[in-house]
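One chain, chain A, appears in both complexes that follow, with chain B as partner in the first and chain C in the second.
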Partner chain A sequence: MNSTPIIDVKNVTYSYPYAEQPALNQISLQIMPDQWIAIVGHNGSGKSTLAKTFNGLIEPQSGEIYFNGELLSEETIWDVRRQLGIVFQNPDNQFVGATVADDVAFGMENNGVPREKMLVRVEEALKQVRMWDYRHQEPARLSGGQKQRVELAGVLAQRPKVIILDEATSMLDPQGRSEIIELMMQLREQGDFTIISITHDVDEAALADQIVLIDSGELITQGTPSEIFTQAERLHEHGLIVPLSEQVRTDLVAAGVGLPDKYLDETQLVDELWTLHSNM
Partner chain B sequence: MDNLIFGRYYPGNSFVHRLDPRLKLIINIMFIVLIFLLNNWYDYLILGVVVLTGVVLSGVSIRFFIKGLRPMLLLILFTVALQLFFTTGKTVYWQWGWLAISQEGLINASYIAVRFLLIIFMSTLLTLTTQPLEIADGLEYLIRPLKMIKFPVNDVALMLSIALRFVPKLMDETTKIMNAQRARGVDFNNGSILKRVKALIPLLIPLMMSSLDIATDLTTAMISRGYRDGEGRSRFRVLKWRRRDSLTLLFFVVIAAVVII
Partner chain C sequence: MDITFEHVNYTYQPNSPLATLGLKDINLKFTSGSYVAIIGQTGSGKSTLLQHLNALLRPSSGRVLIGDQAVMTTTKNKELHDLRRSVGLVFQFPESQLFEETVLKDVAFAPKNFGKSEAEATEIARDTLRLVGIDESLEDKMPFDLSGGQMRRVAIAGVLAMQPEVLVLDEPTAGLDPLGRQQIMQLFQRIHEERGITIILVTHQMDDVVAYADQAVVMSHGEIAKVGTPAEVFADLDWLTAHNLELPSTGRLVQRLQQKGFKFTRMPLTVNELLADLEPQLKRGSQLG
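And now, the complex of A and B:
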């Protein structure tokens, strides 16, 4: 694995105009390439603000951000934006193109990609998210989940290094959400992408390699899902809950079932339970 | 809203549908200028035949065109009536006070009626057979020469295409807010004019606020996808001028020449 962090945040502080508290307070964070990072925190904890500093949508009052070893500045910013794609929360409000194919091409148009190349990449990206059959459709006729898939295709067509999903699933129905999550898992399989998902959905965060917990603009803790989810108390303190499998586990332990004292995901929990049952 | 045919697109794949939008726009402009230049029945007959040919070639049922006339009917009748009663002429058929029907008035009124009819048919033909998006693309192309006088063609084109894209979305939003306010007891349909105007406030302000939200989100998304200004962009959608477009244009120029002479 490459040892230079793809995104390196150093002591970043940012306050919105007229805000009493800074949205980000002396945050330092390193994100390694080709990992899936989940940034979690309750509403208003500063996680979206943090993501917006990564591609310079927000310029911090102090601190530095390095992308792939290079300092984010006026000169490098457009280059970074090409390599870092964001899918935002509201599927309606970020759809620029008049049709699906136009929207996927928008980012490439901005970067002056020649048309022949665009045609190939649009097709590739739309097939990857299974929206190719809808290429001539207008956004008004698509469901929320389909629109987010198109947005993801638009990001993929740009061949980015980093894909940020800024609460991209929070306005979707359960089916649309699981489709997007499934796509993210596929992307991770293919490798070559750093995925940063910003979410308050702990079940989504449980899939990540690393979880970063943020509250009131401060980095609280960072670690693998199993490290984070065994600290139920701490999560509660910061307005979050543990995943369902962990809740079931703690409740069962409290009821006297002899389960191991560590975080288990759903399959692991089921495995433990049937082993336990056959030992009885 | 469903009765409003004017400005609607009728999906299809006819000869007229497949023509280049630039051509359709140019022909429409030519046609309107032509209509006002002419004033004899033979020429109108020729143009009428041309329009009807277009309608038949478009494969769209004539009922749509007649429906398209409906919202304009009152305006047409009003204008025709004005022409009819207020044109002063020598041969007076009927008179009552200062209202008079003269031969000249009759002729003028029927000219006006025919002009209206032909223009509405022609522009309905344009909108029924051309997607709004194509119209925007065509317009952008046609105003491109204005770049020379520093007119921001790219920005206007972008604004146009975004506006078109958000029309259905804002319509949805309007219906949603209206229903939400109705559920809270706002009455949009009854009462005096003043009352009805006041009832619009709980609709307009949320709509305005949500438009601002949309605009903020959209610009954020556009910037993070690398949109700077119109310069240095490549284009995904291109218009193709084919031989049938040249031929149709030639045909129109010939017709125009014939009727003017």
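And now, the complex of A and C:
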């Protein structure tokens, strides 16, 4: 097993110009390769800022970031950007290509991928997000959810080792969202793929190996979904809620139903409830 | 103020190779004081429909009656001024709506534009910002220097400050944190009840449709696929799946419970309904020990 973190954040502090409070405050965090990490926190807690430090879009005033053991610096940054793709929140103003296909190709052009290879990858990525039929359209003329799919394709085409999804599915219909999650799982199965998802969707966070909770630019806690979701009050304090299964479990326990005193996902909850089923 | 669509068709870039169908023969009435949710697959025409509600888009054919103003292909912009004041639209991308140099000025813009004094407008803006959960420390920031969720809240405040009769919301809670989402949805509900304003909401959150809307409209490929109460719309699971939709989260849990063997005589759509139906089917904890 590889024990070098793919991303290692050491004591990072960052303040935006003129800001009274730092957006990131002495934060340290390790992300292991091939994991699915969910970063959660209320609006303005510092999630997107943190993500931007990973590929050097934001340079911290103090602290270090290591990517796969290598210190992020002017020399290493281009190499890191080839391996780490970010799908940004609100894709409205981020399109650069005249057509959807050009837009998806753009990132690869920057990274010097040969044209032949590029065409293959553009097609593959647009098919993965089901936007191939729109390849000749102008990105600005797409619907919100379609824009999000194209943004994602642009990053997938670069074949990153680490993908950061900053609320990348917030405008997709329910099935569209499940499809993207499914796709992420497949890619991870093929290996060498770390997923960092910044999300307000608790059900999506519940799928992660680890959940990282951030507030005021500080790491509040990190743990498995079951470790995090049994702390309902703490989550509430930080602007978050627990998944439905946990809400139902605690309500039933309060009503005197003998369920286990730990987080259960929906499948586990339904199984446990069935053992308590009575025909009366 | 009722809004009525009569045989409305809309085509983007007509007469060009990239012509795209936006809306097809829409007939629909939004009654004054109602709360209507519009749902449907990405690209199904929801935002296109919404932009007809305040005449940002004009029908390619057919007409939209907004109060007593008819909007058709040929309607002139100057006829639409009053209407834009009574119908407030929160866009799908909040950045596109923000333009002033500070958060406070941005929200004060509409009331000032509609005749309030500088001081009154500022006061309205402050009050509205507090309502959407933006505190004083952010008032002097540039809107573009906010986090995604903060920008969305400011955009919502900007429209609320107009005090419109009809509030049109395009996925207003996308990007809001869970508590923020609940608070903003409850805020809309309160304004709906207290001021009797009409709310028309596009959302992918089926839970919100059940919790707040009286009517749900399902769009599909530019057409209306179904109109009904949330209970009616969520009654047919196969039909929902065929339209890329799903049950509200409680409904999904109920479905799993049913597959196990639990019995439900109705489809519970809220947690309280679910608990009420489930508890009688369970052995009590005390009976175990």
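Convention: the second predicted complex is superposed on the first by the 253 of 280 C-alpha atoms of A that agree within 3 Å, B and C clash if a C-alpha of one lies under 4 Å from a C-alpha of the other, contacts with A are read in each partner's own complex, and residues count from 1 in each chain.
Everything below uses one rule, namely that contacts are C-beta pairs under 8 Å (C-beta built on N, C-alpha and C of every residue); 3 or more make two chains touch, one makes a residue touch a chain.
Every value quoted in this text rests on a predicted model; they were computed, and no experiment measured them.
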A:S143 contacts which: chain B (first), chain C (second), both, neither?
second
Thinking of the overlay built on chain A, is A:G223 touched by chain B (first), by chain C (second), by both, or by neither?
neither
Contacts for A:W78 in the overlay, against chain B (first) and chain C (second): which applies, first, second, both or neither?
first
What is the contact status of A:P5 with respect to chain B (first) and chain C (second): first, second, both, or neither?
neither
Chain A contact check, chain B vs chain C, more residues touched by chain C
Which superposed partner A:N90 touches (first chain B, second chain C, both, neither)
both
Taking the superposition as given, does A:G176 touch the first partner, chain B, the second, chain C, both, or neither?
second
Just to be sure I read the superposition right, which of the two partners does A:N110 touch: chain B = first, chain C = second, or both, or neither?
first
Touching partner for A:G256 - first (chain B), second (chain C), both, neither:
second
For chain A, which residues lie in the overlap of the chain B contacts and the chain C contacts?
90, 92-93, 138
Given the complex with chain C, which residues does chain A contribute to the contact?
16, 20, 41-44, 48, 89-90, 92-93, 136-138, 141-146, 149, 167, 170-177, 200, 202-203, 236, 239-241, 244-245, 247-248, 251-253, 255-258, 266-267, 269-271, 273-274, 276-278
The answer for chain B against chain A in the complex is residues 132-133, 136, 161-162, 164-165, 168-169, 172, 213-214, 217-218, 220-228, 232-238
Considering the complex alone, what residue numbers of chain A touch chain B?
52, 55, 57, 78, 81-82, 84-86, 88, 90, 92-99, 101-102, 105-115, 118-119, 122, 138-140, 154, 158
Considering the complex alone, what residue numbers of chain C touch chain A?
12-13, 18, 20, 40-43, 46-47, 92-96, 137, 145-150, 153, 170-171, 174-182, 204, 206, 241, 244-246, 249-250, 252-253, 256-257, 260-262, 271, 274-275, 278-279, 281-286, 288-289
